[in-house]
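One structure below.
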């Protein structure tokens, strides 16, 4: 197995990935370093150069600093170049151009304070605020003081080029910001703290709130943010919402549920251990139907079909905290495989379809899971993952990315980066 | 586990507490899950270490000590002050997640005292929010046990403590099922397990969920009893399967590097 | 007159006593045989003692013949009586000389392995013994007609005083309590011995006072014989006949509670002990310096003190640890081990009476099961009579040490609350 590796020589706590080209190995990686004075480190795979920005954010929360919530690459200004977007829990959005000069102090970068007091002040009285947009701000109720948590939970970027609006979730409000000056255009009160926004398609986003509401928001082709409740699901502790066909996949800490748009449950599947990684939802065995590959911190990989039936299982025995990846290499022969990595530095490469393992008894821990009752198998048959190869790197794995449908990019918390060609023996 | 034909077939691990082994008909039954329950300062960790030390030195066993909150050096220093001769053990410390396999690979075949410092492992991931660092540590523990067992390096497991494990592994949902699964895992692997449980301040039950003693194979209770100005430690057997145990309360005495269970004189 | 018509109360009594004496003699022969076997096994049999056993045998057999004579006399079998009567002088001569061997035997039985004789070490013990022996030997010589004295009353006086002296000596050295009750006595022979002794005393006192009435029925041999019986029985009771305790048939272990004694006065009871655990509030070094137990090869000390940082010290409140120490001592391989607990009152001060009682009972039980001597000393000032009565049930009590008359301590009776 061909492996390449390099290091940024710093411990990191988060990373983001940008594949600059559709093919080829050129990419950029963003890291947030894991020390008191956090830095953004950007690694260019081609030049192997690193650029660093000191985030003078005093990120140690105990000292009254702010915490980075999310970093990502996004072309926020639609100039065909990604920018680095950082959100903090103190209401700041920092936008950094990829061509930044390391010597530039942070203050010179575009940093937009979504000032909570601006939002707050909107509640104090009826305000009409003149903006660039033609729309007016929705009238607010008057006089009530509300405590706001300034943490920006999510940024939702509209992917329609004409709309230069960023929608952010802050506390219980969905707020539209103008992309030019990040001024508040309008907002909506969803009633309780927003925990997550998922963009399902170009105009439907799913918003989950703490008091168990899941709302579908239809964004119209205007600057106005209309809340259209497509469905309301009373469910608590939803961590993520994804989609499968025309249905929603409600992901909680220990379960996955398929829900129709009319709030009808098609199936539910429980897992041991927390689900902290995204679910791979793809027809990775080319049978014409989407499959789901769910991993959890118990180490067990669950391959389900669209109807929630278990196709195969595999126990990697350590935390799976990264999304499984599907690789399809169309060379002379068609090759597909699925990769699952465990936090303790092991990479498992499977063929998409499972394999019969005769006379194997599942462990007692596996048998006691609820989801397993749907498994149809004879006493002597058991479907297990068809493991092609198990690779070990003596390092922990923070994140994994796919590159060029052939390379697996691994990032460790120590700042080491590994590039593995999954199809090479 | 298999069906025995007579009592003498049960292999027992001596606790190495004078007079207490007689109360246990020779010692703790092998491959049992034993709860060592007591309030703070009742020498639970020291007693578990004492059992493991004795087995390692006298019977070439291997023991793994999962310390979830106390630092490895703090634990070992404590044992040194109690006159345990650590030079008789092969000390191994597991303190990095990525090096678990490497550590295990380099372990000798016998007389190993392996400390899995979960506190240090937690520090490794505490800033990695993506990993959800304060959950699912039970799988790490199981992973280490499985790997050690594959190499026959795990005869005794000590978990310090169950209370910490609950915090680190979301036991609040279905605690009985999860605890049962964990105990069964230990039994299936034919390990003698000593699980340290802190008796909650409200005194209800021997653990946070009040079910630990029902699921365990044996329970040894440790307590502190105030008599006038002096405080004395007490030890007793609350439950022990496969054993016709003496359930009397003994005074636990530690003197000259040796534990003793002294018969209480009633009034 | 037929045989039955000739029997009267006195003669019947004499017959009964004679038969009992014969049975008792056989028992004593057996005891002496065992004792000599033990000595032989341990290669301690001196040349003199080898032949002593034959003289002891002769002594006992000769007495048995005399008893038979008494029986024949009582039932007026003149033929047999006449034969024995003619042999009477020679029998007494034999008895006199073999009695010397018995005396030597008694002396040797009190000598320990180190060759010391603690019993006869004290002058007064020697005095009593010699007086008694001398008196009785003189009596036997009178019977042989080698020595003759005209005054019968004087003779009777000498005999009586000898009996009294010997009895006093026996009871004193074996610490039979002055206020003994029937329950404290051995269940088999002590009672018989004492009853017969009382009979002898009463008989000879009356013989002294009313010589004419009982002159025909005077038989002096039972005196010395019962004296020997008592000695031998006392020997067996005190485990001096059997140095190897594992072979001995023990009915009760030696649990003795001494009242108002101290280590010095308890020490004589340890003459055959080879290993001792001494629990005391005194500094072990102080005890060592006094040389109290220098004869005992193996000594272990427990110092009862609250200063527990001292090595081998135990807090008097920590009875559990003390009990543990005792049970540990019992696992030792000393041939004749003993445990001394000095000053139980000190323990009572820290733990209260009930716990102290339980504690001593626990030790007693352990000692009994391991057949170990347990000697415990309590000062009477620390316990009232009601509390002491609890101990009497479980222990053999030795009352306060008999000092000379003018030094005799008083028992202070504490009023029961």
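Letters A, B and C name the chains as they come in the text, with residue numbers starting at 1 for each one.
In the analysis below, contacts are C-beta pairs under 8 Å (C-beta built on N, C-alpha and C of every residue); 3 or more make two chains touch, one makes a residue touch a chain.
Everything quoted here is computed from the prediction, not taken from an experiment.
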Contact-graph distance - origin chain A, target chain C: 2
Chain centroid nearest the full-protein CA centroid: B
Centroid spacing, where centroids are CA-atom means, of chain A and chain C in whole angstrom: 99
Centroid spacing, where centroids are CA-atom means, of chain A and chain B in whole angstrom: 40
Whole-Å gap between the CA centroids of chain B and chain C: 59
Two or more partner chains touched - positions in chain A: none
Chain B, residues touching no fewer than two other chains: none
Chain B - residues contacting chain A, complex: 97-102, 124-125, 127-132, 135-136, 139-140, 142-143, 146, 170, 173, 177, 181, 184-185, 188
Residues of chain C touching chain B in the complex: 317, 319-321, 323-324, 352, 354-355, 358-359, 362
Footprint of chain C on chain B - complex, ascending: 18-19, 230, 250-251, 253, 255, 260, 262-267
Residues of chain A defined as touching chain B within the complex: 13-14, 34, 253-254, 273-274, 276, 297-299, 317-319, 321, 343-345, 363-365, 368, 392, 394-396, 398-399, 412-413
